[in-house]
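Paired with subunit B in one complex and with subunit C in the other, subunit A is shared by the two complexes that follow.
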Partner chain A sequence: MLYYPGCSLRNSYPEFEKSALETCTRLGIDLAEIPEWNCCGVNFSLSDNIMRHLGAVRTLISAQEMPDLSGDEKVVALCSMCYNVMKRVNLTLKEDAEALENVNLFIDDEVDYRANLEVIHFLQLLRDDIGFDHLSDCVTVPLKGLKIAPYYGCALIRPESIAIDAPENPSIMEEFIRSVGADPVDYPYKTECCGNYHTVMRKEIVELRSKVIVDSAKLAGADLVVSTCPLCTYNLRLGVRALEEKTPILFFSQILALSLGVNPHLSPEREKNVRELLEGMKSYAK
Partner chain B sequence: MPSKDTTTEKNETTGNLVTVYIMGKPYEVPSELTIMKAQEYAGYRLIRGVGCRGGFCGACTTIYRKREDYKLYIDLACQTKVEDGMYLVQIPFVPAEKPQWNLEDLEANSDSIIHFFPEITRCVSCNACTQACPQNLSPMRAIQAIRRNDLKMAADLSFDCVSCGACSVRCPAEITHYHVFQLVRRLVGRYVQKRAEHTAERVKEIEAGEYDADMDILVGLPEEELKELFVRIREGNPLQLPEREVGKHD
Partner chain C sequence: MVNEMERRIGEISGVNVDACYLCGKCSAGCLFTEQMDLLPHQVIMYIQRGDDSVLNKETPWICASCFTCSVRCPRGIDVAAVMEGLREIQIRKRGYQKLDLKKIENLEDLPQIAVTAAAQKLTW
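Then we have the complex of A and B:
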């Protein structure tokens, strides 16, 4: 499986990548990092001009040229924003022959992209390649009694053409949460947008939206919220702070790591909080 | 051996002339000259766009096109031979604001660099910078290495940068690569690379006076002997100082 880490995991949230890689070792998933991958081009994510997405194309070419490939490999991303951008670019190149030709003519310093790779998100890997049933067999520390609110945000399910699950009412994260032994919490804001890049110039928009999302999850009984996106995580934590709350916002890979008994790489400010939750959970289980 | 007269040599080469265009005007120049020499041959006295003449300083970056060729070329005038039909223009420097930073206040990570140079996040990976580089470096790969938080790779990739700014002129994201790369190399040198312990040891030895006696001998040598010694060492022989004649230069 070819692996695309993305910039946020190497800079802002190393715990996302580190915990995920620990779980891969435990689950026997062999990830080969794409050499010299480029930024996915998330700043231009809403542009449908393919010339704004040469970073993603160059990354796909680099992946395509890795040795010993069978020809129909999958590129797996952890960050849902990276997934979204890479998947949409790849889809455009697969479906639009003219776009593919234009890009290949422009990038004359590289070999042509043959558009035969598939871009998937790590959750799809767990569902389709490992299987949630098999995953729950691998769980050594079931998170029994822990109430987890899945937060999808936008990137995993919008636009519909790249959705990893039903965009109106996805359930892949709930299935994932059940497979690690925890209880998924249903709440009406799981697919609401967190405010995304407004966090740079209009923080109040993000605070407003994140407060509603976190509050809704809390009201539904959530002990914590899991996310697949570094920016959503950052924004939801703003909401938690604005509410003067303590609800941990964790990456889904950290929950998986906890359930597999490997290092979840909790940051110091969340470590105590989450450990307390887990202690409480054990007494609940008794 | 009789000394060569360079003026007659210039005139002897008139059999092989090419036409180049400097500031839009055609000039016939000998084909074996570099662009810089050709400019001087044509009568220009260079006070801008010239520096070390040895391919290191980046001052003579020259943009040109060739006849019936759509490509835009960028090379150092002191390192590139003229070709027939070259249309030449020079940019003495590329204006770019250099933010002030204090190395001791920074951490060696990509966030530090993005703080001062947020433009690097606008890189669309078009690679126009690489095509522009007269040093045949890959500025795009270096910028992307920074995004991956691989500062070591970015510093290595940009090590031969002469700060000519050709990449920055071509960049659609308006990145000022040479300022970015300088910060990267400073950060890597200060925080990532291993300290050169042997240098510190040598400084200590010097401060302890271990080389004072040898230095006295060297300073006291007559010029001819010093020249001979230099040649011997340059040929790979170990340093062997002549016995010091006591009191010679005291």
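Then we have the complex of A and C:
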């Protein structure tokens, strides 16, 4: 399996990547990092200009040229923004022969991209390649009694062409939460946007959105919220602070690491909070 | 007859704005209408009428491309792409703008995808 880390995992939230890689070792998933990868571009351009995605295309070419590939490899991403952009660029190049020809003509210092890679998200790898049933067999520390609110945000499930599950009522994160032994919490805002990049120049919009989301998860009884996106995580934590709350917002890989008994790489300010939650649960033997 | 606004939006975003029958489902589900000066379906209506004053509205810049409207549209219109088309027309006309990093609070804490995404909205 080819692995695309993305910028935010390396610079802002190393705990996301580190915890995920620990779980891979434990689950026997062999990830090979794509050499010389670029930033995905973060936004997929909704206009007519495929040239805005040359960075993503170069990453895909670099993946395609890795040694010993069978030809129909999968590229797996952890960050849902990366997944969204890489998947959409790849899909455009698969479906639009003219776009593929244009980028290949433009990138004349590399071999042509043949558009036969697949881009998937790590949750799809858990569902489709490992299987949630098998995953729950691997769990050594079931998070029994822990109430977890899944936060999908936008990038995993919209637009429909790249959705990893039903856009209006997804359940893949609930299935994941059940497989680690915890209880998924249902709340109405799980797929609502957190405000995205408005957090840079118009923080008030994001605070408004994320307060509603966190408050709703809390009202539904959530002990913590899991996310798949570094930007959503940042924004939801703004909401937690605005509400003067303590609800931890964690990456899904950290929950997985906890249930597999490997290091979840909790940051110091969240460590105490999460350990307190876990100590409240009888099953957690530590 | 397709008007000039519809033609340009179609060219940039690939969306046929004329397919919209103004049901308002996009506006009903939009999470950012409080900050908007025109509802999403009204934006479409302005374009259908060829009213280019829509280019000076805040709404296209408030849209965060969450695709809730695009997923729900009964006519299959990618409303988020229409908003990007409107931003594009403005950017192509007036040129790129830059993010003033000095004005950003918590620059150190922000994940870099946030800054990159925000900058792209002003330059794409």
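Here is the rule we use: the second predicted complex is superposed on the first by the 276 of 286 C-alpha atoms of A that agree within 3 Å, B and C clash if a C-alpha of one lies under 4 Å from a C-alpha of the other, contacts with A are read in each partner's own complex, and residues count from 1 in each chain.
In the analysis below, contacts are C-beta pairs under 8 Å (C-beta built on N, C-alpha and C of every residue); 3 or more make two chains touch, one makes a residue touch a chain.
Worth saying up front: this structure is predicted, and the values here are computed from it rather than measured.
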Partner chain(s) touched by A:Arg52 [first = subunit B, second = subunit C, both, neither]: both
Contacts of A:Asn11 with subunit B and subunit C, given as first, second, both or neither: both
Comparing the two partners subunit B and subunit C, which touches a greater set of residues in subunit A: C
Partner chain(s) touched by A:Glu36 [first = subunit B, second = subunit C, both, neither]: first
Partner chain(s) touched by A:Ile107 [first = subunit B, second = subunit C, both, neither]: first
Which of subunit B and subunit C A:Arg158 touches, first, second, both or neither: second
Residues on subunit A lying within both footprints (that of subunit B and that of subunit C): 7, 11-12, 39, 41, 43, 52
In the complex with subunit B, residue positions of subunit A that touch it: 5, 7, 10-12, 36-39, 41, 43-44, 51-55, 57-58, 106-107, 109
Subunit C - residues contacting subunit A, complex: 11-14, 31-32, 34-35, 62, 64-68, 70-72, 78, 80-81, 84-85, 88, 99, 103-105, 109-118, 120-121, 124
Sites on subunit B touched by subunit A in the complex: 109-111, 121-127, 130-131, 141, 144-145, 147-150
Subunit C-touching residues of subunit A, taken from the complex the two chains share: 6-8, 11-13, 39, 41-43, 45-48, 52, 79, 81, 154, 158-160, 167-168, 192-193, 195-203, 205, 208-209, 230-231, 233-234
